[in-house]
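The same subunit A turns up in both complexes below, where it pairs with subunit B and then with subunit C.
So, the complex of A and B:
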């Protein structure tokens, strides 16, 4: 009983952090610059494919991951510079633009990389056996990196002048620009950061999943739920709480219900939460 | 009353399309009058049209290539040899987008707009079940290639349908022949994990039936919704249930997701895993580290050694490249095209009845997996059955599977339909 409880807790923690990793890029872009990035899934997919390409070309895993995330950031930069920045005040148009980006990217991936299932070798096979619970080694590291990213983001947002500028921007862009803040540049940085995080998530998740042109979609819908349930704008706490409700809690439901029912309960729970707290768990009012 | 109206409607439809065909025919004839004689002769025989429904986009795109390639290769061969009854075969492709809803649209389009003579394809059981009502009402034959759950009346018209012919194996061919061997080797406690739809659920029902006969038990049964990224709960349930054999019917990318996490947790060293889904395409996606040691059973593998298969693979690689992947489904599509051509030649009629009569009890000895036969009783193919083990450190499809045992020809249990023969 004790070991079951512990292993459920461990599993749920792992899932929560993996989900948080997948959703954080979306949360940053959505929460800080208000762009509903439907291309988030495609950015995850790109990160995974770049990693597959780099590792099969002989690049070691860690540099491959960093290069992939950076490449996706560059893609995000191009997207932002030529399209998104002209539409920041029109959320519906950015939604359509990013959706278009998703469709085009997915088809390009199929053309360039093909539709076969690809595989990225697990760089850290095996499990940590802690006698009461066994933790898959690689996933544990990924969860730890996810936690690290959340902490670094928290530091940047709340302890640095860049963070203050961005928060000022979120609160009131007009006043912030009157005070001499380069709004365009700040938005661009945030969008590129979001793209980098999405690419990093795709790269880090790739050894755990099948790399196919739809790998990002698995996480896109879930990431949206994470962001909305957690609370839009609540970039860090919201993402964690949302990830737990959408991902981690499933482990508990799966204890007494089948997987199908457990996943259904999770989404029902998400809807109930939104009914009573339409702006998310962590948003007052 | 409804029936009468329906059949009248169809009748008028047929007459209308017949009129249209005649009008087009007249136009073609008129045009060809001005052409030299030789060309006019060549244009006189219209091709036999086949509607090919493949998952070319969507979740099961990975399977779509072998699926359509098998059929295309066979049609090329038939046409190169002069066609059927002097007519060429023309393929008209419909993309199912891996969605049953689209299958209905495509089947209707191919039959009503393109006027195809018969249909081949659909991939999953859900897709076939979606096409069932269409081919039943339009009275067209569907040649279905995929390993599937067997025929039971309650899933009519997706199965137990006289117009649907099954070219792939069902559980009493794919699973039953190897159960005694597997339980003797590893033990009698099964844990079943599968995707949440009809094929895994019914396949597991069949497997349980045989397992009970052998004195075994099912210690856990889990169904996973499509596109599930995380498998911690399922893995814990398996660990707690302590099975001897994990019986695996997950499909597509979920297979890969589960297996990667299964191996990452080190569980491949503790449990034997038997999959009835992971052919060459998925096993390639799994990679050698993740797939090694798993048991797989099918009617066909690329690594089967026989003259038919060798010749088949040479032709396949010549057309689709030396790294192209083939599998049980693609080979079933290949057999389906050749056997349909033989059936039409036999009866001399390109009609639904002609095709149906010709396919009944038709034997085909050029099949890549060996000699096969379409059983007339229930439109189910009699096939070989192979149990393979994935080799440690394999490098490609050539050395991916190591044969454990095989049966040359397995006659399936009779379909559980209301009335047989179909």
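So, the complex of A and C:
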């Protein structure tokens, strides 16, 4: 009984961090520049495919992951420069445009890489045996990386002058620009950072499941709910709490109700949270 | 202030002209559709009602998105619900009344009540814009997941066969609409009816309030309109129409599976409406018919490139032609290009 409880707890923790990893790019873009990036899922997929391509071409896993994330960041830069930056004041338009980006990218992926399932070899197939629970090695490392990313982002946002500028931008873009902040450039940087994080998440998640052109979709809606439940603008704490509620409760309900139904329950739960706590569970009404 | 007022009245006048020409065009289109089975037969007559039902689904989104400014990524959820309702009702025939009538009525009621419940639950708390989009996206996933997991009722992944509907008058025995022409002439009046109802409604004060909400919800609220009531009503109507279309689609196609509720079909509807013209019911209807007909045709020849082209057209419409094909038509026939 004790060990079951512990292993459920360990599973939930790992899932929480994987969800946080998948959601953090979205949270950055959504929370800091207010763009609903429906293309987030496609960026995850791109990251996964680039990693598959690089590793099968003989590139070692770690450089492959970094190169994939950087490539996705470049894609994000192009998208931002030619489309998104003209529509920042219109959230509906950016939502639909990024959805168009998703449609186009998914088709391009199908044309370039084909629709067959691809597998990325797990670089760390073993497990950490902690006598009470065994943790799958790769998932544990990914969870640690996810936590690391959150901590680094926290440091940047709250301890550096760049962070102050970005927070000023979130609070009041007009005054920030009057004080000499290059708003356009700051938005661009944030969007590219979000794309990089999405690509990184896709790359790191790729060995955990088989890669297909719709792999990112699995995480897209969940990531949105992570961000909404956690609270928009609460980029770090919110993402973690949101991931815990979405990912953790999915693991929990799956114990009683089966995987598919558990997901449904969690979505319904998230909608209820959205209704009663529109600014997230962390913030008082 | 005067500039604002004059531009608003010019907008209204232009809107009336558009409506008048659109009605004329709609009559022509419906007459052409009515005589089509007399001229040709075969696969075209079989498949056209399905495209028209996609068109009804598109009109249900046009009412919401084009007129009330509420974007829904969940119209396919209602469409699939309708298809399942008719399948289950025809199977569970108790023999008292014709199950077709029960099923069609039930699909209308179910669509309206699910939408009314969801809509009231969210709109009354001020959930709007992009948040509502995400909820509707989740709604379609929820319906997809539930139909997968309740496999003893719905057949799970494998889907469910749906019998053809049958009509009965009084005590006569029911006539199954098995021929392509029979179901064609059953679907077409429904399509015309939905179009007529919706285009009548958007010219009524109800429609004006919806447009007001689209343009500036806070101002309409401060004028004393209960905007969450109007939005809930629009969403319910849209849900009922989508559900009815789904019920007829289910019985026409003879089959329903969970992917009918899925995200990709849901967003396909958004693409049709954007390309056809979100602020035009006829544009949305024809957008769905033309794009889905082209999809069937071109998917066989160039599947990937066709979808890619569709994505590019969708983005181009969003950037340059907010009004879609309907406003391009408007422009081509000498009216000032609407770019707002």
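We take it that the second predicted complex is superposed on the first by the 285 of 285 C-alpha atoms of A that agree within 3 Å, B and C clash if a C-alpha of one lies under 4 Å from a C-alpha of the other, contacts with A are read in each partner's own complex, and residues count from 1 in each chain.
As a convention for this text, contacts are C-beta pairs under 8 Å (C-beta built on N, C-alpha and C of every residue); 3 or more make two chains touch, one makes a residue touch a chain.
Every value quoted in this text rests on a predicted model; they were computed, and no experiment measured them.
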| item | value |
| --- | --- |
| Superposed partners subunit B and subunit C on subunit A - clash or fit | clash |
| First (subunit B), second (subunit C), both or neither touched by A:217 | both |
| First (subunit B), second (subunit C), both or neither touched by A:53 | neither |
| Partner chain(s) touched by A:61 [first = subunit B, second = subunit C, both, neither] | neither |
| Contacts of A:91 with subunit B and subunit C, given as first, second, both or neither | second |
| Touched partner set for A:263, first subunit B, second subunit C, both or neither | both |
| Contacts of A:225 with subunit B and subunit C, given as first, second, both or neither | second |
| Subunit A: partner with more touched residues, subunit B or subunit C | B |
| Subunit B clash site on subunit C (candidates 41-49, 221-229 or 275-283) | 41-49 |
| Residues on subunit A lying within both footprints (that of subunit B and that of subunit C) | 110, 217, 258, 260, 263 |
| Residues of subunit A defined as touching subunit B within the complex | 4, 7-8, 11-12, 14-15, 18, 110, 115-119, 121-122, 125-127, 134, 136-139, 205, 207-210, 212-215, 217-219, 222, 247, 250-251, 254-255, 258-260, 262-263 |
| Subunit A partner contacts - residues on subunit B that touch it in the complex | 59, 61-62, 64-65, 196, 222-225, 227-230, 232-234, 236-237, 240, 253, 255-257, 260-261, 263-266, 281-282, 284-287, 289-290, 325 |
| Residue ranges of subunit C in contact with subunit A within the complex | 71, 121-122, 125-127, 129-131, 133-135, 137-138, 141-142, 145-146, 148-149, 263, 267, 270-271, 274, 304-305, 307-308, 310-312, 314-315, 318-319 |
| Footprint of subunit C on subunit A - complex, ascending | 36, 83, 91-93, 95-97, 99-101, 103-104, 107-108, 110-111, 217, 221, 224-225, 228, 258, 260-261, 263-264, 267-268, 270-271, 274-276, 278 |
